[in-house]
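Data first, discussion second: the structure below is written as structure tokens.
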Amino acid sequence: MAVRKKNASNRAFIISAYVFCAFLTVLSLLPFIIMIVNATRSTYQIQQHAISLVPSHFLKSNFEVLKDKGSFNAFKGFKNSLIISVGATACTIYFSTMTAFALVAYDWKLRKPFFTFIMAVLMIPAQVTSIGFYQFMYKIHMTNNFLPLILPAIAAPTCVFFMRQYMIPSLPMEILQSARIDGAGEFRIFNQIALPMMKPAMATQAIFSFVSSWNQLFLPSILITKNEKFTMPMMVALLNGDIYKTEYGSVYLGLFLTVLPLLVVYFLLSKYIIAGVALGGVKG
Amino acid sequence: MPNKQHKGISYAKYGYLFSLPFIVAFLIFSLYPTIYTLILGFTDCKGLGNTDWHILEHPFDNFKNVIHNKSFVISLKNTITIWLMNFFPQITIALLLTAWFTSRSNEIKGKGFFKVVFYMPNIITAATVAVLFKAIFAYPIGPVNDLLLSSGVKDTAYNFLVSKSAAKLIVAFIQFWTWYGNTMIVLISGVLGISPDIYEAAEIDGANGVQTFFKITIPNLKTVLLYTLVTSLVGGLNMYDIPKVFLDGGPDNATLTTSVYIQKQAFSGSYLYNKASAASMIMWVIIVICSAVLFWIMRDKDEAKLNKEIKLAQKKAKLIAESGGKEWL
Amino acid sequence: MKKVLSVLSAVALLASMTACGSTSEGSEASSSSNTESSAADSSADECSESSKADTGSSEGKTTLNIWSFTEEVPGMVQKYIDTHPDFAAKYDIETTVIPTTDQNYQPALDQALAAGGKEAPDLYCAEAAFVLKYTQGDASSYACPYKDLGIDVDAETSAAEIAPYTIDIGTNTNGDLVGLGYQATGGAFIYRRSIAEEVFGDDSPETVADAIGGGSNSWDKFFEAAETLKGKGYGIVSGDGDIWHAVENSSDKGWIVDGSLTIDPKREAFLDLSKQLKDNDYHNDTQDWQEGWFADMKGEGGKGILGFFGPAWLINYTIAPNCGGEAVGEGTYGDWGVCEPPIGFFWGGTWVLANKDSEHKDALGEIIRWITLDTSEDGLQYQWANGTYADGGTKDAVASSAVMAKSNGELDFLGGQNMFDIFQKANAYANGKNLTQYDESINALWRDQVRQYTAGAKSRDEAIEDFKMNVADTLDVNVD
């Protein structure tokens, strides 16, 4: 009796869980479907009915518009965006993990004040600070340069915070100690023991960092003025910004081309999130 | 032993050394902008390209001005309302999904697929999301209104984008929809960090899924949960993108958040950098206080555990150092 | 993961190195990479342009920096270079285009103007929404008077019969002209002929103008016509936004007089006009640039709509593509006409300015003259007006009435009507004297409150009070 009851309730649970997940799946995929469908529709079709699930036959002409626009060079934009995003993501992940390691694995006098400081920086509203940032970059003539968009990522308070929080329960000090006994240097301990154990955390933050870096528009728009250094989102913004006669079909096509690399990177990295229990490394 | 003390110092050194890249990058890129933000609030700096500005005679004038500014008060209320409206569903659903997807007893097939898909709204830019939602709720002709009319729910089209409460709800929904997947991924990665041994032990003890989740997952997830709460608080109180690009703070300031307010002070024509900066500082203080409370609530095990472990490690190190210091070199 | 990481860091290293390299080695590195890519893909104008610029500088050409928010003006300058070999021998251009849609253009332009130096803009553009800031407002100190570019301002503007409102807007507080446009955006009433025929008995511009009180400077006859139209089941406009530009432009005073917020009675009346339109069901209650608005151009909205208020570009870029056809008889194509609006106005437009610190004033003067003042058949405006500027171009109204007078503005879309007859008058009719540099922000706040009042969410007085509060809270303006 009891067993059957449990099974029934279990089945009810499973069904409702699937219904709920299916609903969320539709919500999540809808914008992508709309984006793809709209990439095949003409500007005036989109103006008349902005949302549609029925594809049209204007994909080719939208593509022609993109090609004719001198400013939209998908290959170049892709390359520029990739340099910035990969650079910024690598900096964020590696150095944030390192900083978190410093905060968790060692006992030093300024440890707590330093953590408090990082948290304080994390909480500053960005609007005014970004004004200060680009004014400063103009002053030292760092415009049309990717470095101001990459190197600041080394100091990423949010990521450090996450890495620290993640490390506290999952980095057993005993392992570090035993590594030390084996004669490993501190850098080797960090690179070969701490880093592998942080895989799920790093993958998670890598996705977030990559996405936000890839999508950012404000700072690149102000700091980069030369066409050949434009990023993908800047090129799409340019299409969308032709205020008197916006070609919406090609804007959606551009948006889709912009989101495509993100999807690829995300699917690649999501392996580390999907994997069941990933911490094989804990036991050395 | 003489080299005992030596060892202690050399470890602290690594703490500083490993924080160095962060500190250097911060000093180069963020120190000036941060100080700039801190100082401007006390000055008379407004207007375009103004380089001739001074500290005010009454340094707190801008702060008083902002606090007494009705729009600022409205924006603060909006920010909190919209944040709460999206935060509770967000964290609840994210936790629920985390429980399902990491549960060992209730195997949900295709959970890898769901995990991947639920994060996807987060990778579209705010501008795109805003355009889509504006189109969805367009008036008098638009998908939602067409649906309402054809299904007979309403007789006349409803202008969602002029209604203050509808606009707030939509913004809160967009926030929820773009961020629950993000929160879920963070929580799942936190669960993955919990040693499988603990779960195995629980299984042997015959704990069911619900028990395992509350007795093992949640306590072990506490540090990551703290991260989620704090970043969601900071992100929520600094909410900017969606309210800005969706309806630019409208209608009638219904979606004006403090960050949009700050941006408008700085950019909408008069370039009131000083007031924008003062408002930023006020927000910063509010966020710091709220976060401090969160840290305090979640404090006990988190910090205590860390301290304990470090002390333990130190003790061990001491022991080891005393027994065979040479190996350390 | 380790692999992923090592690849990531390797690419990052490479990336930062290339980034470093291209800055330290300056134009050399970037020009070489550009030449390659432009050779590979000559269809990409923009990149071949910039590569021309770079290779050019090695040949000793002078580079002019052009900043704009669309590719329109940079394209014109490029065309000037292409058609003037003498000029091309000496100059080439480097263009920066930042769209206004994400509100990044102004911060970037301001920063670049303030920073100065070799990369500072020589020629830059401003849109109607914010042009006042660059001609009369906070950023006006960067603008170079046209007379310093070698332009005989008075003689040349009167010879070209430039629309007075564009001159008013382009004149700084010292009385010097610093900016002019090429396109004219004086507005007309663009109406559906079939509806006019049915309701007023005739579809001629004169009849319709007469019916809606064209040129009367009042809304009385317009609302009478609205009532007549309602009787036949039609609306007069699509939404209240359609009449806003005319209302805005009709006021005697701008939003700010001597640093204080002023609500001109004619602008305040927008509250009542908007409410009247809505309560009497004279329109489809749409908002401009949204689905319902576009549907009305095709004649597929809630009810038929007599017309839209707008300049020539609205016909070309918005109504025509949305009319549901591409030839007479399809959709509403050919069923349109233009007539004089009850109140003159303009909507949009681009002004061209030169940086006073530029070292190439002669060249800038030459370009600006060609774009804004040249009335010859080789001049930009003649080509612009006749739709011969670019392949598949459309006829458009221009700033110079002299050019429009000798151009053919007949459009099939308008049933063969010569639209320049109306737009020449419209240019003279528009007012350029009641604007302020804060208009973009203040208009948004005002229309937001009007919408609340019209929707019945608050009283008239509350709307005005809240409007004042919002202005006081966001701008450095005195409000009593």
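Note that the chains are named A, B and C in the order they appear, and that numbering of residues resets to 1 at the start of each chain.
Following the convention adopted for this analysis, a contact is a pair of C-beta atoms (placed from the backbone, for glycine too) under 8 Å apart; a residue touches a chain by one contact, two chains touch by 3 or more.
The model shown is predicted, which means the values in this text are computed figures rather than measured ones.
Trainee: Shortest hop count from chain B to chain C along touching chains?
Mentor: 1
Trainee: Farthest from chain B in C-alpha centre terms, which chain would that be?
Mentor: Greatest centre separation from chain B goes to chain C.
Trainee: Counting only C-beta pairs in contact, which chains form the busiest pair?
Mentor: After tallying contacts for each pair, the winner is A-B.
Trainee: Let me have the rounded angstrom distance from the C-alpha centre of chain B over to the C-alpha centre of chain C, please.
Mentor: Using C-alpha averages as centres, the distance is 40 Å.
Trainee: If you average the Cα atoms of chain A and of chain C to get two centres, how far apart are those centres in Å?
Mentor: Those two chain centres are 36 Å apart.
Trainee: Approximately how many whole Å separate the CA-defined centres of chain A and chain B?
Mentor: The separation of the two C-alpha centroids amounts to 15 Å.
Trainee: Two or more other chains in contact with one residue: find those residues in chain A.
Mentor: In chain A, 50, 131, 135, 151, 203, 217, 237 touch at least two other chains.
Trainee: If I count partner chains per residue in chain C, which residues reach a count of at least 2?
Mentor: 102, 107, 114, 291, 295
Trainee: What are the residue numbers in chain B that touch two or more other chains?
Mentor: As it turns out, chain B has residues touching two or more other chains at 127, 135, 138, 142.
Trainee: Can you check the complex and tell me which residues of chain C touch chain A?
Mentor: 1-2, 4-5, 8-9, 11-12, 15-16, 18-20, 22-23, 30, 33-34, 37, 41, 43-51, 67, 69-71, 94-102, 104, 107-108, 111-112, 114-115, 117, 119, 127, 291, 294-295, 298, 300, 313, 316-318, 321-322, 348
Trainee: Which of the residues in chain C end up touching chain B in this complex?
Mentor: Answer in residue numbers: 102-103, 106-107, 110, 113-114, 133, 138-139, 284-287, 290-292, 295, 301-302, 437-438, 440-442, 444, 448-449, 451-452, 455, 457-458, 466, 469-470, 473-477.
Trainee: Please name which positions on chain A make contact with chain B in the complex.
Mentor: The touching residues are 10, 13-14, 17-18, 21, 24-25, 27-29, 31-32, 34-35, 50-51, 95-96, 98-99, 101-111, 114, 118-133, 135-136, 148, 151-155, 158, 160-162, 165-166, 168-170, 173-174, 176-177, 180-181, 183, 186, 190, 200-201, 203-204, 207-208, 211, 215, 217, 233, 237, 255, 259, 262-263, 266-267, 270, 273-275, 277-279, 282.
Trainee: Over in the complex, which chain B residues touch chain C? Could you list them?
Mentor: Against chain C, the touching part of chain B is residues 46-49, 69-72, 127, 134-135, 138-142, 159, 161-164, 248, 250-253, 264-265, 267-272.
Trainee: Would you mind writing out the residues of chain B in touch with chain A in their complex?
Mentor: 11-19, 21-26, 28-30, 32-37, 40, 97, 100, 106, 108, 111-112, 114-125, 127-129, 131-132, 135-136, 138, 142-143, 177, 181-182, 185-186, 188-190, 192-196, 220, 222-224, 226-227, 230-231, 234, 238, 240, 258-259, 262-263, 266, 273, 276-277, 280, 283-284, 287-288, 291, 302, 305-306, 309-310, 312-314, 316-317, 320, 327-328
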